[in-house]
Each structure stands twice: as C-alpha cells, then as structure tokens.
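Structures given as structure tokens follow.
First chain A sits with chain B, and in the next complex the same chain sits with chain C.
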Partner chain A sequence: MWKYFLRRVLQMIPVVLGTTLLIYALVFALPGDPVVAMFGDKPVNPTIAAQIRAEYHLDQPFIIQYLYFLKNAFTLDFGNTLRGGRPVIDVMAAAFPVTIKLGLMAFVFEGIFGVIFGIVSGLKKGKWYDSVILIVSLLLISVPTFVTGFLMQYFLGVKWRIFPVTAGANPGFIDLLMPAMVLGSASMAYIIRLTRTEVASNRTLDYVRTARAKGLSNRKVITNHILRNSLIPVITYLGADLGALMGGAMISERIFNINGIGNTLYKGILQGESNLVVSIVTVLVLIFVVCNLLVDMLYAVLDPRIRYE
Partner chain B sequence: MTENTNIPAPLLEVKDLQVEFNTSAGNVKAVRDATFNVYPGQWVAIVGESGSGKSTSAMAALGLLPGTGHITGGSIKLEGEEISHYTPKQFEAIRGLKMGLVPQDPMSNLNPVYRIDAQIKESLIANNIDITREQRIALAEGLELTAAERAAKENVHDADDELFLGSAQREELLAAAKEAGKEIVSEEDMKFWEETWTPGSVTRWNVRHDMIQAGISDPKATEIAAKYVTGSTMADRIAGLLDEAGLPDAAMRARQYPHEYSGGMRQRALIAMGLAARPRLLIADEPTSALDVTVQKRILDHLHTLTDSLGTAVLFITHDLGLAAERAQHIVVMYKGQIVESGPSLDVLQHPQHPYTKRLVSAAPSLASKRMESTKERAEVHTKQAEAGHPENVNDTIISVKNLVREFKVPGRKELFKAVDDVSFDVKRGTTLAIVGESGSGKSTVANMVLHLLDPTKGTVTYEGQDIHSFDAKQLLDFRRHVQPVFQNPYGSLDPTYTIFRSIEEPLRIHKIGDAKSREARVRELLDMVEMPQSVMGRYPNELSGGQRQRIAVARAMALNPDVIVADEAVSALDVLVQDQVLHLLNDLQAERGLTYLFITHDLAVVRQIADEVVVMQHGKLVEHATTDEVFNNPQTQYTRDLLDAIPGGKLELGLDM
Partner chain C sequence: MTSPNTPLPGQERYVAPVEETPLHAVDAIDENAPATSMWADAWRTLRKNPLFIISALVILFIAFVALFPRIFTSVDPNYCTLDYSRNLPSAGHPFGYDMQGCDIYSRVIYGTRTSLTVGIATTLLVIIFGGLIGAIAGYFGGWVDALLSRLVDIFYAVPLLLGAIVVLQMFRTSTSIWKIVLVMAMFGWVSIARIARSSVLEAKNLEFNTASTALGSTPARNLFRHIIPNALAPVLVVGTTSLASYIVLEATLSFLGLGMPSGTVSWGGDISSAQTMLRTQPMILFYPSVALAITALAFIMLGDAVRDALDPKSRTE
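Take a look at the complex of A and B:
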C-alpha cells in the first residue's frame, strides 16, 4: 500500500511538469507583448522596457523562462503580476478561498441530491417519479452550464428575487448558493444516473437475495448490501469531480460575477498575465492530481478486492 | 394412506402450486400444479433440468421469486401455516429463522465488500439469536439422546446445558478436565477433547458427555463443565458455525473477505450462514454444482451430518439424479414446470414410471455402468483389425506428449508456479484419451499446449511424429486443420454476430476449401451429421439452446475433416440429457470416422462412458495412466480412489426395469 502510494506520488511529478510546460508554452505563444501592455496608453520607453524584460527574464529563450518559473514556484514565489505588480501569491490567496467554498458547496449539493434521487430512481424503476428524475437529469446533462446558469439567474434572481443575482466582493453562503447549484448541476445529473444504474443492477444480485434469505429486513438489505456496494463507483466519481469543480468554476463565476479563481484566470488570460495564468493552472493541476490519488486510495478502502502491490 | 397418529405433520406442504412470470411474450407458467411435502428432518430432492421449475418452486416457498414471478394458485404451508399470501414483512420474520437457504453459486452469493464474519453476524442479529447457547430443534434432541440420557438430562434439567464453550475459557477447561482425568483418561480421549472442543460450537452438555464417556465421574464432569462452559461471544459463535460447516482455521478465516476464499470454502461459509439461525428447513439450491466432485462430496457429507444432528429438513435441488438418490430419502422429478414423478429415492431410480424419468435414469452419467455401445463396437473393429494383421492401425500413436512442463508467473511471488509438471502420454489413433482432474490440476493447460495455443516451458508435443512447436506458419495452418478444439462454454465459443452458417463455414473459408456452392453443401452435410435441421443456418447463436450450440461447435470442429478433436470440458455446462446426446454424437462420429479424441473433464462418470484410456492429473502432475476399465476397477493411487468415491450415486445398486 505505502509502496503504491509512493509510486503514485512520484508519478505526479511528470504529470505536473508536463502540464505546466504545456500551459507555459501556450501562454508564451499568445499574441501581444505583455511589456508593451504594461505601459497602457503611455509611450513605451525602450530603456525601461528592456529593464523590465531583464527583470522578468523575458529576454531569455522560452525554456530558460520556464525553468526560472519552476525554480521560483518551488519556493512559492510566483512572481508579480505585470499590471500593478501585485505578488501572484497574494492574488491567488484572495481568489482561491472563494472558489474552494463554491466548489465544496457544489460538491455537497451534487453529492446529496444526486445520490438521493439516484437511489429513489433505482429502487423504484419504472414508477412515474423515476421517469421525471430521468428526464430532468437528461436535460441537465445536455444543456450547457451557461444556459442553466443564465436561466436560473434570470428566474430565481431577477424575476422572482429568491436568490441574489450576483455575488459581491466577499460572498457568503446565500450568495454562493445559486452559483453552486449551477456548477454542480451537470455532475449531479450524472451521479443520479450512475447511482440509479448501480442500485438497479445490484438489487438483483445473488448476494442480495442471499441477504434476504438470511432474514434481514428490507431496510437492512437496502442500506447494508445494495447501497454499500452501489455507492463505491459513485464515491470515486465524486472524488475525481472535486478537482474538476475547482477548475470548472470559471463559467459560474463569470455569470454570477464571483471573484474566484475562475474569474481571475479569465481576466489573466485576457490581459496576457502569463505568470498569473501559469501559476493558477499549476495549482489547479496539483489539486486535480491529489484528488485523483485520494480517490484511488479511497477505492482500496471501500472495496477490499482492490489491493495495491 | 390410513390415518396414523404417528406420522408427523409435514414441515413444508406444497399443494397445486402455480407460479407465473410476466414476459413481453405473455405469461409463462413456470410451475404448474406442483405438490410435494417435506417432513421434519427429511431430505427431499427436486430433480430436473434447467428451466424445469425446480428452483422456482423453492424460491416461491422462500418468498424470493425473481423479477415478475408470482404465485397464481395453490398453497404453501410451513408448519401448517399458509405462507403463500404472506407480505414481504411477514416473510422477513420467517426467513432465516424457519427457512434457510444455501444458494447455488458460491462465487456470487457472498457480498464482496464485507468480511465473512460480518455476513454471518448479520444473520444472527437479524433473527435475534442468543449466541451464547445452542438453539436445538426438539426433534434433534429426541434423536440424539437415548431414553436413559433423556431421563438423566431431565433430572439435571438445566437450560444452561446448551451454553456454548467460549474461547476465553477453553484452555482452563482443558486443563481442568485433564487434571480431573489424570490416570483415568486415555491419551486419545484427551487428544479428542483438544480437537473437538471448539468454542462457539461445543455445548456444556457435549463437554460433560465427552468427559463421562472418557471415564470421569458424573458429578465431577458436571461440575467442571458447569464451571468453565459459560457461553460464547459473538466471535466464538461465528467461528463455531464456520467450524461446523467444515471450514478449517475458522476463527482466523472468519476475518477474511470472500475473495480470499476458494469456491469450496465460500460454499461452507454459505452453509454456515444458512444454518446460523437454526432453521427447521434448509433449502439447498444446487449447493455444490459449481464445485469439483471431491469437494462436492466432502461438503455434502458434512451438510448431511450437520443437518442430521440438528434435525434440519433439507429441500435439495439438483439436476443430477444420481446425487439426489444418494442424498435424499424422497425424490420429486420436475419437467417443464410439472411434477412428473415422486416417490422414495430407490423406487424412483429402480422403477421409473414416467418416460422423462426413464430418460433421466438412463442418461445420468453417474449411474451408467458401461461404455456406450458405439465405443464398444469400435473397439471390436479394432480388435478384429489387429487379428487380421493390421496392427499399425491399432497402436499407432497420433499425438505424443513428452515431459511437458509449463510454468506461470504469479503476481507478488518470486518463484514460478508449475501448472504442468513433467507430463507424458501417447494418444492412439482412433481412440479417446481422457484427462481427468480437479480445477487447477493443469489439465486444460495441457490441452492448450496440445492445441498449440500455449507454448510449453519444457518438453514436446508431437503430432504424427513432428514437434508441433517447431512448425512454421504454413505447417501450423495445416496442423490446425487436422486438430480441432471444442470448448467448454457453448455460449462463449460462437461469435454472437455470426449466423450459424457463417460460424460453420468460417474454417472452410480460412483454409480456402471449395467454392461458395460446395461450402454451402458441406455446411448442410455437417448439420445433418450433428442432427440439426438445415433451417438453423440463418439463425444466430442466441436463438439456440446450450446443447444445440454445442452441436454447432462440434459441426464447426468437424468441418475440416480433422483427425483429432480436443474437447475441453465440452459437455460440463450441459444438462444431463443434453450431455448424453452430445456424448452419443461424439461417440458415433468417432465410430464412423475413426476420430481421435483428447477429452478434458473433471467428471469421471463421463469418462467411463466415452474414454478408452484415462490420465489422472493432480497439482500439475500425472498421477495415474491406464485403460478406463483398469482405472475404474483397480485404481492405483489414493487420489484416483477419492475421485471415484466422489462420483455421486456411484455406489447405488440399480436393477433397472425399463
């Protein structure tokens, strides 16, 4: 187990290096000169420009720049933003808590409602509410998030005024509720379908019949045998989705104007803030990889047949 | 039957039972007017092929009909109470406690994510079982005690007599018993105590009884037993139950997960579960059909002893008439949802009345005492040829296996696993050689090497004197034409997207034989040969039954006019009657065409019907090689004797009048 864990941690290194290199290359290839952009409307002073280029190693070849970035990232020094010169680490420190809060809320939302509706649907296959749940989940999967987002914002926010239309600078629980629902809706629909399929197929398994033959009550059979086994793939999906929620918050954050990491990233890309973009993506990749590792370890705990050499 | 007050009331009384399934094609009657009784302590067997309604009848009694199944008529009474209209809640109350189940497939009937002990504990808790003491069925007490003992017991009259021994007190008890028995009790008796005083299984009364039997005085034995046998814990009881079901190292094994168990061990765990709440009736639904014969025998022997000592009645469902006759006092034969015959086991076996039962009796391989006629005729032809001076046709070797070794890597282990270890034998032209062994004996590995599907680590396989593993591509293609396989699973060995015609024609096309027209004629000829109508050519495998598919597989193997057919468990997955038909087909083809068979099977009963020579394999090694008659009449090794003993119904005396 520990050997496997260590091997997986070591495997993370090339993944992180590869993705950051790829992102760095993409940002590097973006048109426009960030130094020129820094001057804004003012005329460009070649001396100062050269000074800035030297300071940020922008005069070096691509690969050297990347290595500088890596070296600094190791010491958590992500440099400063080109505009305004704020330390990137500060920008991230301001934005990440908001996104983490939003992501966790979406995670809890999709987990609770996805599993509950999935179980109801799976146990009562063919009943009218099963059909309703199926149709709604199909809609949520097929309609893009920004459509769901705008629709909810219009009806729940603008028209009926149930939720705040946008989140402010320091969003609280209520402010983030609707964005979290939008963010988690597609995954929730997927979890409904996954849970439903698992529950429906596990219900007819031999060991479930054996459990009934032992004299267990229906409730015990459902909770201890059907659900326990059905939820293994659901939980592993949820774990992997946690990373995706953080990275995928960009659309919800744009719609509801939340100053989270997605919004920051979006602005960073528009302004050619190569440092900022690469730094955020690096952290997102790390979150993603760690979530996946945790899921794999969790899988071994949930299913004793899985043993890592 | 005259009214007799001595005859007890039936425990389970099924009368005119009707069960239907709703399908898209309408309602299907799975059970029609089934009537049978199970009396307390009795073993009743329901025999029939798959789809005969035998399992459905039993599941109806448990209230566990699958899918759309429901009872449409008749009655099921348990201890005189009508249960066919029970609600799910009412069934929960009697399942486990009054009726237990030992299901068919040990691989799928245990929940993979729970330890074995947790799954047994569930059963004890759900039924509110007092784990500190035995819940003996009154009948068992009556049977077990002699009148004097019963009187003695009533004198003591103590419910605590049924308390189990706990693991914490076991050592103290043994020490005290040995101390008391110093110079009185023999070494063997003390050893017997050590071996049989299992925590959670042996009771105060048992312990006391054992000590008195060994020579310790009654008051002393009673005192020691009362002092140290004071009830078991949950863990003790679980281990005790597993131990009773015959699981070795039960206390340690109980903490393992199902995937760490072998098939036989899982079945024992399921037996422990089925009997955990001490039900009056145990429904055993083909409990051993997925296991090797030797394991099957051990487990059924054990189940028999256990249910006898507990006084449990058993409704035993099986497709094997021999097994049914050997185990049950009463046999019920089901065919297409109806009971066609019912009576005491030997009566049914010796004087079958219904044509279906007669067919079952004559087809049951375990009951057949002689080789098939066509085999015999062929043997006579050979003998005559030999006498006429053509010895090369008789003893001519077609396939020769020499010092074959095959090793496999086992994940997580350094040393290689020897699946086949120095095996040598010759297969003579026109004869059948059977390789027999339990699963894991390496018999299929040998077959795969003979088929050139697997390379040997060491040793050679020669066909017509040539080493097959030195063949180049062209020679190999030619070899494949002459040596054809028929595999175990008729569902998996035919491509579901191919029509029957295409499946049979494919080998002809691959070997570029004939044109489209002549190939079609050949396919028709082959279908005739395997006695299938030519109308199946356009159909797909899923439209055929298992036996029909296996016939198609044989037809495909025959397409290229091979010399040798390697049949790897070719009939194991089939019902007895179908199995009998396929075996006859193979035999007739051999007689007509002088085919050579290498027949891989775990079923010695089948071997007796078809083979000339037998190779017995165990743990990858060849342990015996002789003619079939020699192996059956005069087995040389203990392992072969065990295999022979394990043939169900092998020892039944049959005087068939049919």
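Take a look at the complex of A and C:
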C-alpha cells in the first residue's frame, strides 16, 4: 500500500506544476499593463517603470517569470497587491479562515443530510418519501446555486427572520449557517442520488441475500453489509468535493456578503490584481489536488482491489 | 381444457405442472429477424419509460420555443420603456415588466434560444474533443496514454467555475456568446475524456474483441464496430446530464457579471439583474429561474432515463 501512496504523491508533482503554469499563463494573459496600473492617474515615468519591471522580473521571458513565481511561492512569498501594496499572503491569511469555516460547515451539512436521505431513499425505493426526496434533490441540482441562495435569503432571512440576512464582518456559526446550506445544497443533492443508487443496487446483490440467510437482523445487514459497500463511492465524492467547495464558495460569499477567499478573488479579478488572483487560484487548486490525493489514499484503504492494479 | 392440476373423477393423484416454456412460445420467435443491437434494445426500453417520455416532450417543446419564439409572443424582448418599469401583469403581458420596463414573458421566451444554444454547443464540443482525446489515450495506451492522462489531470485540477472566471475576464470586451461556449468546453472536456478513456480501455479488453480479432477483423474494424459503440454509451449519458450543468453554469457566470453580453437576452442575465429587486418584487426573479430550472431538469431526467436504458444491469426492478 505504501508503494501505491508514494506513486500517487509522485504523480501529483507534474500535475501541480502543469496546473500552476496553466493558471499563471491564463492570468498573465489578462489585458492591461500592471506597471502602468500602479501609476494610477499619474503620468508614467519610464525610468521608474523600468525599475519596477526589473524588480518584479517583468522584463524577463514568460517562463522565467513563472519560475520566479514558483520559487517565491515555496517560501510563501506571493509578492504585494498592485493597489495598496499589501502583502498577498496577508490578504489571503485574512480571508481564508472564513472560507475554510464555511466550506467545512457545508461539507458536514451535505455529508450528514446527503447520506441519511440517500439511505432512506435507497432502502425504500418507490415509497412516497423516496419520490419526495428524489424530486427535491433533482430541483436542487437544476436550480442554480445563486437562485437557491436568493430564495433562502428572501424567505429565511428577510420574510421569516430565522437567520441573519447577511453574514457581516466577523461571521459566527449562526451567521454562516444559511450560506453553508446554500453552498452545500447542490452537492447534497448529488450525494443523495449517489447513495440512493448504490444502496438500491447493493440491496439486491447475492452477498446481502447470504447475510440475510445467515439470520442476521435487518439492522446488521444494513449497517455492516449494505452501507459498508455503498458508502465507498460516496466518501470518494465527498472528499473530492471538499476541495471544490472552497472554490465554489464565491457564489455563496457574494450573496451573503462574506469577506472570504471567493469574494477577495472576485474583486481581485475585477480590479486586475493579477498577483492576488494567481496566488489565490494556485492555493485553491493545491487544496483541490491534495483533497483528491487523500481521497485516492482513503479509497485504497477502503477498497483492497485498488491496491493491486 | 381442464388444468392438469385438477384431478379428474377417479384420478386422484398428483400431476406435476409443466414448468418448461411451452413449445408454441419458442416457435413464435422469428429466427430470421435481424439481431437487435444494443441501441435498438435501449430504444425499446426508453419508449416504455415515463421519465423519458415526459422529459423528451418537455425538451421538444423547449426546442420549439427556441426555434420559433415569434409563435409565442409578438412583443420585442429588447423593446423596453422605463414608463412601464416594474409594472404588474396586464393583458398581453402575463408576467409584467422588469426594472428596465421590458416585457418579462417575452424575455423568458426569447431567452430559451440563448440557454439552449449554449448548452447544446458546449456539450457537442466537449463530447467531440473529450471523447476523441479519451478514446485515443485508452486505445493506444503506452506513452500516448501517459501524456494525455497527465494533460487531463492538469485541466481536471482546475475547478470549472474558477477556470471559467479567470479566462472570461480576459474576454470581457467580447460580445459574442461563443466565448462562453469555448471557455466552458475548455475546462469541461476533461470529465468526458476520463470516462471515454476508461470505457474504451474496458471495451478493448473484453472477450468479444479478442473473438473478433480471432475471426480476422482488423484493428480499425474492431475500434469502430465494437469499441466505440460500447464506449459511447457512458459518454452520451454523462453528456446529456452535463448539458444541464452547462446551462446552469452559464447562468451562474452571468450572475457574476462575466456571462452573456448585455445585449443578449438570457435567463442568467435577467435573473442576475432581478436580484436588486428581490425584496420588493421577487416575481421578476422567479420567472426566468423557473424556465431555467425546467430546462435543466428535463435534461437531467433525460440523462437518467438514457442511463437506465443503456445499462441493462440496472434493470433489476
């Protein structure tokens, strides 16, 4: 198993290099000269401009710039923002905790409710509550997250006043509850569908019949036999989704006005803060890749067949 | 004729029922009929599936609206007068007016074409490009596979929404709707490529393929006659379902202000501009959202039905 883990970690290196290069290339192809932007309204002084260009290696070929970026990123030095000159690492450190909190809450929400509803639905295929769960999950998938967000904000926040309408500057658990539900809603629907399909198909397999023939109680058959096998793909999905949630938090953060990483990234893109954008996207991609790696390892632990490929 | 189970008078003894298939049922099978292919079989299952019938009818209707919007409304969606701003529904204008004084019903009708075009075009691009890359990687294997798989991994590591935002920012000035199609396809092809690769790989190693080679068929014939038809099913299923997610993603990008150019009538753009009036007139947001949800729902349901039909293993109940 350790050999498999090592191989997966080594495989990750070219992927991370390739992905960061891709993002770097995309962001620095953005129109506009960052050096000119730094001068703002003032006339551009060519000597100072050349100085700045040399300082930020902007006069070097693209690939050299990328290598400098990589070298600095290893020491957590992402440079400064173009406007204001704040260190990018500080901006990220201020915004990430909120998003991590939000992402984890959404993760727990979709995991618990997705699996419970999926199991109920899969075990009782065809019952009326199975149909209700199925229809609700289909609706959650086909309605865009921002519409779900607006509707929840309008009904739960404005009309019935159950939750705070926006999260504000230092959001606590209650403030983030509704944004987390919105963020996790679509994934929850996918988990319900996945769990339902898995449980329903495993329920009729021979090993379950054998377990029942041995005289095991219904409860034991479900928890020890059906669930164990059904939840492997669900866990895979959940793990991969944890990384995606951090990136997808942008929508939720914009609706509920949370100063997280998504909102920071969005503003950065609009203002042409290429340094900030490339750093945030790189970190988000790293989180996503590491989550996928952990999932693959977990999968190998859970399903012995994977190890022997 | 009396049943063999009912004893006749004076004949009280057990007679086992005839369990074998009656001969006339065997005789009824037409041996000269052409063998049903996987697709014909799938089509027969589909025809009987109410999920398929409903979703197909809804999609046909949506396509009809997209092709001939004039049949449904005579109002120009871009004819807006601020005098009518946020007016309530009236005769000939069933959904009322939005902030700019445009007829909402007309905009919902005309928005169909945009969403459907974006969804179908992206899906086609993704299936062709992703399917091709995946099939090549799976069929040739070796270093080709290693190289293409790493390329897929690189693009796979960029979440679709993030990648699309970064690239669309570059083309903010462009007013073409095709930029969205291209950008979504640019980051969407990887999931299809992965599926195509694994199903080609699976089909390549199946016995019928070896049998076909043993009977003297060429690799090309194998690829087109056996491997591609077998590998196509999962690609089509995922393609149909992802069509819905592209329509939803286009709306999300419009919500972020990076989607359709302002002149284009699109549901996502209309939902996004209605958000400011959510607290006073939520119905303005409601209509385009419902249209979007119905369209996405129809394609997801179609994808489910097609998957059930193409995967005989799932037909246990």
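By our rule, the second predicted complex is superposed on the first by the 300 of 309 C-alpha atoms of A that agree within 3 Å, B and C clash if a C-alpha of one lies under 4 Å from a C-alpha of the other, contacts with A are read in each partner's own complex, and residues count from 1 in each chain.
By definition in this document, a residue touches a chain if its C-beta (ideal position, glycine included) is under 8 Å from a C-beta of that chain, and two chains touch if they have at least 3 such contacts.
No experiment lies behind these values; they were computed from the predicted model shown.
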Touched partner set for A:Tyr154, first chain B, second chain C, both or neither: second
First, second, both or neither for A:Ala25, with chain B first and chain C second: neither
Chain B or chain C, by number of chain A residues touched: C
Partner chain in contact with A:Ile162 - chain B first, chain C second, else both or neither: neither
Chain B versus chain C as contact partner of A:Ile232, first or second or both or neither: first
Touched partner set for A:Thr204, first chain B, second chain C, both or neither: both
Touched partner set for A:Val108, first chain B, second chain C, both or neither: neither
Which of chain B and chain C A:Leu6 touches, first, second, both or neither: neither
First, second, both or neither for A:Val289, with chain B first and chain C second: second
Touching partner for A:Ala93 - first (chain B), second (chain C), both, neither: neither
Chain B and chain C footprints on chain A, overlapping residues: 204
Residue numbers on chain C that touch chain A, as the complex places them: 150-151, 153-155, 157-159, 161-163, 165-167, 169-170, 244, 248, 251-252, 255-256, 268, 271-272, 275, 278-279, 282, 285, 289, 292-297, 300-301, 314, 316-317
Partner chain B, residues of chain A touching it in the complex: 204-207, 209-218, 220, 224-225, 228-229, 232, 302-305, 309
Residue ranges of chain B touching chain A (in the complex, touch as defined): 62, 64, 66-67, 88-89, 92-97, 99-101, 103, 105, 108-115, 122-123, 126-127, 257, 259, 270, 273-274, 276-277, 411-412
Residue ranges of chain A in contact with chain C within the complex: 11, 14-16, 18-19, 22-23, 26-27, 29-31, 125, 138-139, 141-147, 150, 153-154, 158, 201, 204, 243-244, 247-248, 250-251, 254, 265-266, 269-270, 277, 281, 284-285, 288-289, 292
